[in-house]
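First up is the structure itself, then whatever we jot down about it.
Chain naming follows the written order as A, B and C, and within any one chain the residues start at number 1.
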């Protein structure tokens, strides 16, 4: 079994992305398939994440596999001073696949280098969350009549620390997008991502106002949580928090194909009255995570010929 | 699959109760049946309850299903400020059945209104715990030669806050019972339940002494835990705690069909020397929980024709 | 199904040990076998231990069984004041096998006396950890060309509180070993174990220096963690901690068959440069735990005729 760990979305080229999304579509038609019979996946969540864990565990179970693991590191050997290396080597004795979330950037890459068991990065610090990116791409394609090419995407909220946002830019870069970055000054898109767009000739704008014009020209609005922890000035947080709230009224003149995505959990940044609009897609997006993760699991395990 | 969420025991009429108890009896003959092949149950315990969780998870696994979930809310998205609505809608993407325990009254009903996935209420605050009631009824019927009609039931301990006690009255109300409510003044049966009995013409007495006469006239003694947390006056707690202890010696002149139930966990209210009497039934009662919950799971999922 | 709970390594004679190790070897050839179809194992970890728990759960799942349980006692009924007896009797209603780790010595024996469900002791306080001992014996045999007889074993570190060390002496006692006990004065091997060796005529030496001569005459070096908690004098801890570190350089003149074991997790007592030496065996040792535990599970459940 070839080790094809998924550490970063940057590993995947255009064809890889399309192949995985096509396989995800096959799983959407039928998520219950005995492709992992006799296999065990370890879900190692050094940092808790119920949503991502349940999504991956469901993916494994519906493929006929079994799950072992832990939900947070507080009760693990690492709390006895064990190194990540030893923990990974220990788990490699038991599992056929390692799915890990860690609070340190680079943890997943490091793990993939010390074990022959395929590793899927389920989030490492503020760095990468590739399965989220792939389910975002799957959701965008699905809401845009099967097309990823040439879409206008407004990304709103915390663009500085938003792991999913940075990976989304990388993942979409194969498909000639136009980005509108909407954030408070304190949380602007880092230079690294803007330079990446410049190098690839990807158009983008930056603004701190969440304007009707912007909403009305977008194919996708990707909302993110603005986290209190990020602010030193609480007044500033309260101001910002209220500026970047999407409400149903704001969608009156939107394009017919507009859909709203959010990695979830959302707190206040999407008003509940948006949930009932045809543009709201964030719960379906979460559902797509199941199929996309099934496709990713098969990819890293080298399981092909899905019909 | 018709959504037949079980939120409250009051949903079930006499025939529903009997049908479920009959199915539970079928599962007692053979608990391992592949009725949930390819199905996933989510056990969402926003409030921990090992006993109830293990009982439900065993029920699912012995039916051939798989389990995802969490054991307490401290490491979940809800700790990030996610609403119950969003958590339930998220889980609805992954699971075919939701089994939830929540510290807020009404949480299970609310959940059942925002998802198409059947929800089983595994306890919501001080409100309802219907699967406990059904296993209590199953246990009463089994210990009374298959008869639920016309039984005399002494309910002892905390009758004010006891969730299981309130549901038991509702569940037994179809079967013409006589109740003896035994509690300290501070923990008397609330008017709501007494008025319910009055409306239905159900006989009951109230007393604060746990007398031999009472024990000797009962078919069932239902003991409950008197929780320290309920008392402001600790001296009063100590007095009460010692008044309502059932000891083997107290069973000398009981009716031959008397059996003792307890929702468990018990602390001091049943002396250990009772465990070895033929009247002790609380561990078998817990065991009946497995079969009853298997029957409930099939009921809410619309799985019929069990032989 | 005969109850053959494994509480202490002392239950097993020479033939029992050899039978179990032979079965473990069969599982190493093929760990995926449907021998627990329809069976449920409860992993009750009143004290957390990720490594042992994941190893046992993998063993059960690869045998086709299912798992219920808890990872630490903080969220269990016992935190509501339930006795161990009631918890065990409750779980006995649901599971076909109980695997328990408890912080109190004797907890596993007590559990095995109050239930008909087989109990495997996965560690009780500082007392016993028999599955660790059997995987140690399996590892010793495997690294010594299939021979357990007449080996020279250096045991290094905390010999006073080291549960695995005490059980190892008992388990090896059938095979005419020679022991070298290496520890700081504060953590010397207790008289009980030394008297045990004396009674059986087992040769041993005691020293507080970890010398080249000792390393060069050993067939097995069994390293253990020296835990800070054990010391009142922190200076003494720092001194001791640094004295008992095994480094690759120290293995230059070792015997060709020397292998290094460690129950893991290791902290500083084995330098990382040892990991790449042919003598390092502690990760394979952990892997052997899977096969050995599968053999133990079949032993206690009375599942024989493995081919």
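What we mean here is this: a residue touches a chain if its C-beta (ideal position, glycine included) is under 8 Å from a C-beta of that chain, and two chains touch if they have at least 3 such contacts.
Just so we're clear, the structure is a prediction, and the values are computed from it rather than from any experiment.
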Pairwise touch network: line, ring, star, complete, or other: complete
Turning angle required so that chain A lies on chain C, C-alpha fit (0 to 180°, nearest 5): 120
Rounded Å distance, chain A centre to chain B centre (Cα mean): 41
Chain C residues counted as touching two or more neighbouring chains: none
For the chain A and chain C complex, residues of the former touching the latter: 38, 40, 42, 66, 68-70, 75-77, 80-82, 85-87, 89-91, 93-95
Interface residues, chain A side, partner chain B - complex: 32, 48-51, 54-55, 57-58, 61-62, 71-72, 264-267, 272, 283, 286-287, 289-290
